[in-house]
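What follows are several structures.
Both complexes below contain chain A, partnered by chain B and then by chain C.
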Partner chain A sequence: MTAHRPSADGGPDRDPSAEQAPAAGPGTAPTGRVTTGFGRYLLKHLSGAAVSLLLVLFSSFFIFRLIAGDPIDQLTRERPVTPEQREAMRAELGLDQPLWNQFLDYITGTLTGDLGTSLQYRQPISELVLERLPATLLLSGTGVVLAVLLGFWIGTRAGWKQGSRFDRSHVAAGLLLYSAPTFWLGMIVILVFARYLGLFPVNGMRSASTPDGLLSQALDIGHHMVLPVLTYTAVVYAGYLMVMRSSILDEIGADYLTTARAKGLRDDAVRRRHAVPNALLPTITMVFLAIGNIVNGAIITETVFSWPGLGSLFVSSIFYPDRPMLQALFVLFSSSTIIAVLCAEILYWFIDPRIRKS
Partner chain B sequence: MSTATRAMSPRAVRRARRRRAVARAWRDYRAQRSGMVGLVVLGAIVLLALAAPLLIDASALSVTQATGGRMSPPSAEFPLGTDETGRSVLALTVWGTRLSLLIGLTATVAAILVGTLVGITSGHVGGWYGWIALRVSDWFMVLPSLVVAIALLAVLGRSFATTVAVIALVSWSSTARLVRAQTLTVQARPYLERARALGAGHWHQMTRHILPNVLPLVLASATLLVPSAILMESSLAWLGLGDPNVVSWGSILNRASSNGAVSAHAWWYLLPPGLAILIVVAAFMMCGRALEAVFNPRLRGEAP
Partner chain C sequence: MTSPLLSARDLGVDFGLPGGRTARAVDGVNLDVAPGEIVALAGESGCGKTTLARTLLGLERATRGSVSFGDEPLRYSTKALKAYRRKVQLILQDPTGALNPRHTIYDAVAEGLRIHGLVDDETERVADALARAGLRPAEKFFLSYPHELSGGQRQRAVIAGALVLDPSIIIADEPVASLDASVRGEILALLLRLREEMDLGALVITHDLGLAWSIADRIAIMYLGRIVEQGPVEQVLTEPRHPYTRALVSVLPDSPLPKPIVLSGELPDAAKIPGGCRFRPRCQEYASGRASAVSDQCEREDLEVLSADASRHRVACHLHRIERRAAA
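After this line comes the complex of A and B, so read on.
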């Protein structure tokens, strides 16, 4: 791929290499005090992420407080309320304050971990989120790990032998599954494996009848997990397959592979020890995005299988409508991906020497 | 030959050159089997969508005029069974094609227009504007699109227009990024320097020199945006965030799951709309991948 050349005018906007890795900013100052390159690099990306996070807070306030209209109308529909009651509700929710104060309250509240109160459950949102988080992490964490491993494994082999039967059949199968809507695949999987064959539970995470022992509880959860994880992995693994495959294709004509072969290495060793490590480099952002998406990655899957995680909480808040909950989850989901991408960028500094040199 | 070329006006030369480029692209495209399969399937589906009112009367969609039983299995009268109100699933699926395709295409066109505009201007103009446009499209790229779409639809209300707008909003950024990168590459070529030296303005450079060079890429990326827009629409409609007054594949499946089609083992209610989504999405992806390969020969493998 294109080398990262330092931009002459210092402006990242004129630098095409910025497309490759969002990292190629101005290098270290040639004269004056020597700041370590890493310090500058870190500072640049930290400030970028901070601005993105602030934008998320700002846009969530904009979406849920300004476009959404008066929450009192939403809460009181189909119920007659006196103007006094309305005023009391406004005061309780802090809506009688000027908009600017509401915004400041919201920002400080969110930053100190006070996400407000859920209208649906009448409970602090942060408590509810912590309660639901483990289920989500378990389901989509397992799903993401499986999908990345499977996708990378097949993608490597498919790209290495481009045009072979293995390549063609796996690309076709992957794309077909990738084209299936997650919710539909979930319903079909439930229909076949849970309803017709009765092999797995229909939905939920635990059965009430399971004894208390740790092992039997774990087995029960594992049993409930099979279908959702299967569905989630089946739909997303092709994305990793295609990225890894094209990344391998980028490396395949490279001189260092010819050198490795000239040394007498077997084809297997050339692939595993030389091609794969280099091909993995451009996929790191994608992997980190996937990690960031673990928190929200399974909204649809959780809803199909009534999995008690954050995704199904988000969906159930739409129709209540539980605006504070939607807002809090929106901020949480968006920030987790921003932070994950920041981590990927920091990691690139250590593993991609081209960034350090630019 | 040379006299003929000299006699042609610059416009005719340009047109002939374009025609040759299109013919060459078409030849490369035709060489790819999966791309041709996708194209044929898409053609058939578009025809079906256009001909739907001729094949099946719109009254088949009316709940009050439904004649079938509640979720009855396939029969001679209803080849794909009926839904919970006794309507034919076949009729619903055929009519659903229209809306699913329409939303997918409209949202893609909107996203592509915005993305191309932002991409070209930010790459060409640069400066503060370019920097801000880049940051904003980066920001949109990182945001989880389904989360943003759900949040916006939850507050904006459910209708055709909001669905299209929301899907376009979450998908324009990748095109902008792609077009911007291509603009920067084109920008560095000598013929643009020549154009500038001859006094070409920004508008002339962008529309006459940069745009024709980014269009093939835009076309390939548009073909790959349509399937994701269709998938996004079906997910939103399935969650109950679609326009309640129209029939799309997602909304059929939404009613199927809220009326217990899974526990009723009503496979005929679930399979047709889902398979329709799968086939259309796969066909678009096949076409998109083939187009990508035409414009980026590295992906083509053994092809000469």
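After this line comes the complex of A and C, so read on.
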């Protein structure tokens, strides 16, 4: 063997192996470049979201004209009307205009916040929506927050100790609940906790007999919330559990965890400081989707528990069918999802350093 | 040579397999690393070198035998392990995976200090470690993320993260295998320089005998959980004695052996270690009949575990033993 051994005694002052920082210096990149990068990234995602929103606007106008039937038939269902009266109603609702004009009215109306008038309530849709929105935000918002926290907490620990009894029992229980139909689970919950045990009210959001004070009203609403929130959380938390678990499993063999352990970091600190922050990255889109869905997230739960929110409004509009209301709710539900996803993309820029590279 | 700092005695590590079988990943190893000494541990993939490294680091518990550091046996209490991990540091093969992608280089290097509560003049210590690892000027790298650096710079950052705790020994698992050829030499030169400057001992795990030749003082050749030959690197690689080492050396470009020896078969399963000499099923000497005088022993008699004696060239082979006796 004739290979040369590199000499170790090159002298301490001469260091041929020293790595020079690149001229542009990572980390000291001129801030101008960074903002341009972010500007381009933001523009790309903003324009994507804008295109999606426009498509939603177009499609909601045409879809409900195709499937929801003639509003005049629905308005005159229970009384005889002359053709003249029908024409008068048509003119009142603006339906005698050419489709193109109706479409322009709809677009300008939606963009300026005028969502039209509900056929079943004869009230401005925006008023009805604003009236119902707090109830929905309260129920689904609480449910989503609980489901995400519970799912992530269990998912992290289940993935960290894959195959353990904790893992197996929680995955089984979560999937069992996940596969239970919401209306069925809701009825079981009502039967057990409201009927037999009498612990909670059967439905609604408040009782008529509650005194007016802020505290007693809040307690009353809280009391009514327990069963619907329980049902909603029980059905959806397993989704977050499974995603977080697999995300942890993706990280669990990573070398940086071994490095951290070899430096003396305790196992639970390795999980908390290294594995969880990285495993959370891919779940952000899912969390934001859930936030976007808070507006329409609990349609079945609201129906089962007669919760006075947007979900039950949507269901009653389908049965009427209340075309302008359906149209408006469709736009609202879709755009909240689109905006939530846009927020997730923007957030990624700030928390995932690798995105800034490209 | 000074007395060993890190040593393994009769070390064995078993893994339970499904079906109640047991894999003997490490099956009797004596190994010493002295301060300022670089020891190479070479062998095929799956021969147990990484398990041995993990056990020396206390990441894996020994099933048999012991690991000791400075004459103190390694204890596995949380506190004892934490103290131990200041002294013995790990460098992994792939620096991209070894760095948390969301931590800056500063945080990656400072992590060891924070774990061990060395919070005074943290910035200076981090800058010093980066500079010693060859990342200069250190401040320029503080706020960089791993993906902004080249492969060689990342490995230097990993090394800086190890150096910041002033370890006495570094265990490097294939430290340059994932790097470009041009960068390899630089990282190896860095390890040699650290040995000079800090009297740092190192156990370098590699499958590349050329690399072992370049940087190591001693080499241990591992086969199926056991060291089959060890000694000063010049002796072992210029006069390989064990048939396995001879086969490994024979395929090197500058081999001292006349013609390449190609081993037949695969490395056996660590759950089914052959009886007698564990290398026999693949041994070219046994197959060619050159070992006929000792074939009985090859088939029945397991070889004794080599002692860790640092200065001498030792071989675990029945054929070699009778040849040496005949020569004497």
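Convention: the second predicted complex is superposed on the first by the 315 of 358 C-alpha atoms of A that agree within 3 Å, B and C clash if a C-alpha of one lies under 4 Å from a C-alpha of the other, contacts with A are read in each partner's own complex, and residues count from 1 in each chain.
Everything that follows uses one rule, which is that a contact is a pair of C-beta atoms (placed from the backbone, for glycine too) under 8 Å apart; a residue touches a chain by one contact, two chains touch by 3 or more.
Small disclaimer: the values here were computed from a predicted structure and weren't measured.
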item	value
Which of chain B and chain C A:Gly141 touches, first, second, both or neither	neither
Partner chain in contact with A:Pro124 - chain B first, chain C second, else both or neither	neither
Touching partner for A:His274 - first (chain B), second (chain C), both, neither	second
Which of chain B and chain C A:Gly109 touches, first, second, both or neither	neither
Touching partner for A:Gly37 - first (chain B), second (chain C), both, neither	neither
Touching partner for A:Gly239 - first (chain B), second (chain C), both, neither	neither
Chain B versus chain C as contact partner of A:Gln162, first or second or both or neither	first
Superposition-derived comparison: chain B or chain C, residues of chain A touched	B
Contact residues common to both interfaces of chain A (with chain B and with chain C)	12, 16, 18-19
Touch list for chain A against partner chain B, complex	11-14, 16, 18-19, 22, 48, 51-52, 55-56, 60, 63-64, 67-69, 162-163, 172, 175-176, 178-185, 187-188, 190-191, 195-196, 202, 246, 249-250, 289, 293, 296, 299-300, 303-304, 314-315, 318-319, 321, 323, 326-327, 329-330, 333-334, 337-338, 341
Parts of chain A lying in touch with chain C, wherever the complex brings them together	1-3, 5-6, 8-10, 12, 15-21, 25-28, 254-256, 258-266, 274, 277-278, 281, 351-354, 357
Touch list for chain B against partner chain A, complex	34, 122, 126-127, 130-131, 134-135, 138-139, 142-144, 146-148, 150-152, 154-156, 177, 180-181, 184-185, 188, 227, 231, 234-235, 238-241, 250, 253, 256-257, 261-263, 265, 267, 270-271, 273-274, 277-279, 281-282, 285-286, 289, 298-299, 301-302
In the complex, chain C residues that touch chain A	57, 59, 78, 81-82, 85-86, 89-90, 92-94, 97-102, 104, 111-112, 115-116, 134-137, 140-145, 147-149, 152-153, 156, 158, 161, 165, 185-190, 192-193, 195-197, 210, 213-215, 237-238, 249, 252, 254-256
